[in-house]
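Common to both upcoming complexes is chain A, partnered first by chain B, then by chain C.
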Partner chain A sequence: MRLERRDQSSLALIVAAPVAAIIVSLTLSGGLIALAGANPFDAYFEMVKGAFGSRLSISETLTRTTPLVLTGLAAAVAFRAKLWNIGGEGQLYLGALVAAWLGHNIASVVPAPLAILVILLAGMVAGALLLLGPVLLRIRLGVDEVVTTLILNFIVLLFVSMMIEGPMKDPLAFGWPQSVSVDRDVLLPKLLARSRLHIGLLIAVAAAVLIWFVQTRTVFGLETKAAGLNRNAASFAGIALGKTMLGVACISGSLAGLAGAIEVTGLKGYVTLDLSPGYGYSGIVVAMLAGLNPLGVVITALFVAIVFVGADSMSRALGVPSFIADVIVSISLLTMLVCLLFTTYRVRR
Partner chain B sequence: MTAEPVLELSNISKSFGNLVANDDISLSLARGELLALLGENGAGKTTLMNILFGHYTADSGEVRAFGNILPPGRPRAAIEAGIGMVHQHFTLAGNLTVLDNVIIGTESLSQLRSDRTGARDKLSALAEKFGLQVDPDALVGDLSVGEKQRVEILKALYRDAKVLILDEPTAVLTSIEAEQLFKTLRGMTETGLSVIFISHKLAEVMAASQRVVILRAGKVVAEKHTADTDRAELAELMVGRRVTRPVRTDQAPGREILSARAVDVVEDSRKTLDNISFAVHAGEVLGIIGVSGNGQASLGRLTCGLTGASSGTLMRDGDESRAFSPHALVEAGTGRIPEDRNAEGAVGEMAVWENAVLERIHDARFSKRGLVDRTACRTFTDELISRFDVRGAVPDTGTRLLSGGNMQKLILGRNLATSPNLIIANQPTRGLDEGAIAAVHSELLEARKNGAAILLISEDLDEVLALSDRVQAIFNGRLSEPIAATDADSKSVGLMMAGIWGDADAA
Partner chain C sequence: MEALEIFASASLWGAVLRIATPLIFGTLGALICERSGVLNLGIEGIMTLGAMVAWMTVYQGGDLWTGLIVAALCGGLFGLLHAMLTVPLGLSQHVTGLGITLFASSLTYYIYRLSLPVSSSPPTIEPFQPLAIPGLSDIPFVGEALFSQTAPTYLAIFACLATAYVLARTPLGLAVRMTGENPHAVEAQGLDPIRIRIGAIITGSAFMAVGGAFLTTATFNSFFPTMVQGRGWVCIALVVFASWRPGKALLGALLFALFDAYQLRLQHVVESAIPYQVFLMVPYVLSIVALIVMSRRAKVPQALMAPYRKGER
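And then the complex of A and B:
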């Protein structure tokens, strides 16, 4: 048996890959659900019900989708340029921390709409700056950014912990490690009354469209694509690889930072150490399932959100541990990688 | 010749996907025969030999050696039957000695001590018998390409090969080394060995072989005794139609466009170009001839703006201060044809139109305020495709789907479309078939006629002699003095390629 490269992967195949990956993942996870003592069909029914069954559950699912779209875009943009940014989680937390600090301090100085803009931009800058270090190390010294961005996640998390236990600790939180809260005036407007859903979702979707436009319609997008696919040909064509990579790093880091700033200003109002249930890492799965396509990211982020929100209610209804959500998402990444292999190669004999 | 063939291939067919690489091929080889397998790139020569040697399994057909069927897909069976193969890319370990390379794999793992004395004696006897002189204790990594090839041949002979297959054996040799090789091969056939060599070079097939089998598009189109045929007939059989390479006409060169004075280049802390000087003028082709690996890659990178000179001066239009970056060069009207079109010339996974405009995407005609004008890009690409006859392509075709020749026409086209005043052509026809070579040559000569200066870096002597006004040889990072093409013949240039030239050869 041999793998042979396909001449061209058809569009149908490219769409089929994530669908197949998700089906295989749900099938395999079904076995685990059965082991946990529940009927997998009931479980998945409960899951869908939990994610879509009511106005509340729909709004919760969409609220979860928002940060996943942004971290998914962060990963998709970077991976396309062969920049392996695994640091989305850290960039998200730094963006969140900066947003919380500004939200607490500038609301009294700057009028609200402008303040929101400043806060979100500052979150983006924080995320971008955090990624610039590892990228400069890679460009200048060839240091593997997979390692540096991954390790930075832990450093940032410890830094956040230090800040919310110390200088930024909320004195009114009964000793809980929690940052000061942002001013009510700078909270993002709600999208749906009497729900947690906020306009962050619109910002995230707009970001996806914008990224798609940049990638397919601009000179920067074309040059980034060439640099990601073939470094030698790109540099022969006169594309400055380092500059392109820095540009990509700024976009990727700022998207993850924006996710953090939006979580704070749209949802929580303050930073805790469980602000993100691993959105930065789930973003990698979201991006891979989407085949790194920015518009696809919106759909796959919704899928991952459904699994997470649905798994909670499944767990309540059937007693299956909600960790199954992590299992489903992780397996779907692995199966997606296998499916991607078959979009570029076919098996002979 | 004796009646019993030493090797017989009958009705071999092999497809890769939709591509039929070998279509019902039969051929036989007699004892003591020197057979040439002639065909263009992609005609199926290498596939056939890989089936014979057991690297590939044929879809149908069988291989017989000395009357016995060879089990398909088993190289070891082929070796045991007395077939030896010398690949185009050598399979030697550079950090081992010649002797180690030769005996590796011939001794059983359970054997405690290797019989080096016996092996050394056998190796020396073989080297002596066939005139393949090489030091058994030298490290293979220190040997020249010609010597490495000798080791490969000795390796096959050491395994008692009675049939030797050589895949494009002269691709990496100077003309003198090639002559020496064929002399050796003839000596081998006189002692009863049989040899097949694969080639697409008509001259050496005519000079060396006794019989020639011509492959085209996976089929045997003809089989000739070399004495009964001539170059023109072989060329026509190989290509399937009459192909004439264009001829250079005389014209006076103009002003100096590109020159180097005493330039050194150091890459990866190794001096790859050593005190080189050259000058190319408008309407002139300067040919740089040399055997692969003597600094051509570095010269290509230097003149294409990918690496800088560590000392000396490089001048564009007689101006020392001009920048040599890819972007600056393209702006100044330089057409650049990279050595490796797949690695550097184009991004295979991108569309043809994207590759067509990549170098010039910042031009106002292709983008405005950072936005790509896709309509203009596609229109430009359409013009390119029709003007330069890029077959099998529309602007949105994936570039990887183009054949080598058509990809080269695309690269050539995107450079020539803007009427450059300087063209750096590094191995412009490597791996192309006769038809595509003729097309590339006539485009280059057309550009010369229109006043472009052309720096042609090539390993193909025929190409350099046909296109160049003046020729310089490159050897070990150094350049010879230029000689006029009218004074150059394959003999004199062959010596220059071996580093033997009048004044410069002080070392």
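And then the complex of A and C:
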């Protein structure tokens, strides 16, 4: 038995891959849910109810989707150019920290709408700068960016911890490690009254459309694709690989930084160490499930958000540990990888 | 100078070996995988899994050594999963490895939470006790520093020497190294590169799990989520630092542990003059520095991360 490359992969196959992956992962996770003594069908029903059952739960699911779209895009953009940015989590936290600092300090100086723009841009710059280091190390010295971006996540988290217990500590938080709050004027407008849903969702979706446009309709988009598919061929075709990689790094890092800035200005108002329940890492799954397609990212981010929000309420109802959400998401990543393979390869005897 | 006096304490050098042990196991595991040509980023998750499984075995009434063996078996099982996905199927080793890490750690937390009710303080076990080597442990200073370790620490050093011997001096080691350099040449010799890679990944992953298990059965006596704290990623960096050589891996892990043990003690000396987070950053910063320093000289296995498909170039 061996694998043979397909001449072409049909659209049906490409759409079927994520669906098959999700079905397989729900089946496997169902076994684990049964292990906890709950009926898997009840559990999945509770999850859907928890994610869509009421106005509140729908708005919560969409609120959760927002950062996942952005970190998903960050991973998708980078992976397409074979730039392994695993530092989304760190870039998100640095973006969040910069946003909190600016939001606390510039609101009295700069008028509100402009201040919001400055804050979001600053968050993006922070994320991009954090990724530029590892990418420069890779281009100049050949240092593998997977390890450096991963390790930077831990360094950034310690840095955030240092700042929110030190210079940026909120004196009114009763010793709880929490950063100063951003000014009320620079909070993002709500999308839905009496809910936590804010216009960050629109920004995230707009970013997805913009990235899709850049990737499919511009020279730079073609160059990143070429650089990802075959480095030598791309270089031979006159594409400046280093420059392309730096460009990709700027986009990818700034998307993750934006996710952090939006979480702070749209939702939390301040930074704590549990600002992100691993959005940076989940973004990798979101991107892979979408087959690195920026528009697909919006849909798969919604899927991952449903799993997380749904699992929380299912856990309360049935007593299944909410860690099941991470299990479902990680199994779907692995099954998706296999399913994606079979869209380009087939098994031959 | 108080900061320098730390080096004169035997407890520092004892701590170095203790801190180095999980790193030695993890680095050896990653090294074995990579010498056969496959990067295993599942390490962080496999170490987490090993930590929990070993602890749980002992907590349920098993022997400490049984705990380590069960951890090794579970690690091997996840190694097999990584191997099936990256070797016969030839999937991206980066993404698959991260997937294995996410899967192994989330499954670990799920099973742990399922087995034990939520409590404010995690339940504990009786961990490995220091095993004083008769005669040698009575030597002043050196005895306390080097010869009063727990049994798995001695095992880690032995494993390092054994791996070095097998890789460098046996036909099996030659086959593994050759698979990492040129799998087509292995095929031409009548050996199966696919089987060799699968075997190497299973072995390496078992080592990683034992490294994680050391944390719960010797360093600490309980399991808590996120306890591996990026040690797996540090090990991946140490493999590059060691230029894929087991002897240098041992040296790298010890050097690294020395910095870590030193910063822990230095924190007490400087008290609050420097935020404690700065000290905690040291190991992570060091591993990035190690990568940068060694990047030019690194002798990367030539076929690392290149999937091998029969009849495909």
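In the analysis below, the second predicted complex is superposed on the first by the 349 of 349 C-alpha atoms of A that agree within 3 Å, B and C clash if a C-alpha of one lies under 4 Å from a C-alpha of the other, contacts with A are read in each partner's own complex, and residues count from 1 in each chain.
We take it that a contact is a pair of C-beta atoms (placed from the backbone, for glycine too) under 8 Å apart; a residue touches a chain by one contact, two chains touch by 3 or more.
Just so we're clear, the structure is a prediction, and the values are computed from it rather than from any experiment.
Partners chain B and chain C fit side by side in the overlay (superposition on chain A). In the superposition on chain A, A:154 makes contact with chain C only, not with chain B. Comparing chain B with chain C, the partner in contact with more residues of chain A is C. Of the two partner chains placed around the shared chain by superposition, chain B is the only one that A:232 touches, whereas chain C remains out of contact.
The vertex angle at chain A, taken between the C-alpha centres of chain B and chain C once both structures are aligned on chain A, is 70 degrees to the nearest 10. Of the two partner chains placed by the overlay, only chain C lies in contact with A:146; chain B stays clear of it.
With both structures placed on the common chain, the touch criterion links A:220 to chain B but leaves chain C unconnected. Once the two complexes are laid over each other on the shared chain, residue contacts for A:195 go to neither chain B nor chain C. Of the two partner chains, neither chain B nor chain C is touched by A:272. When the two structures are aligned on their common chain, the gap between the nearest CA atoms of chain B and chain C comes to 6 Å.
Interface of chain A with chain C (complex): residues 2-3, 32, 35-36, 79, 84, 86, 137, 141-144, 146-148, 150-155, 158-159, 161-162, 165-166, 281, 284-285, 288, 321, 323-324, 326-327, 329-331, 333-334, 337-338, 341. Put simply, chain B touches chain A in their complex at residues 16-17, 304-306, 325-327, 330, 336, 338, 343-350, 354, 358-359, 361-362, 367, 370-372, 374, 398, 400-401. Per the touch definition, chain C reaches chain A in the complex via residues 41, 81, 85, 89-92, 94-96, 98-100, 102-103, 105-107, 109-110, 113-114, 229-230, 233-234, 236-237, 240, 275, 277-278, 280-281, 284-285, 287-288, 291-292, 295-296, 309-311. The residues of chain A lying in touch with chain B in their complex are 4, 7-8, 217-223, 225-226, 229-230, 232-239.
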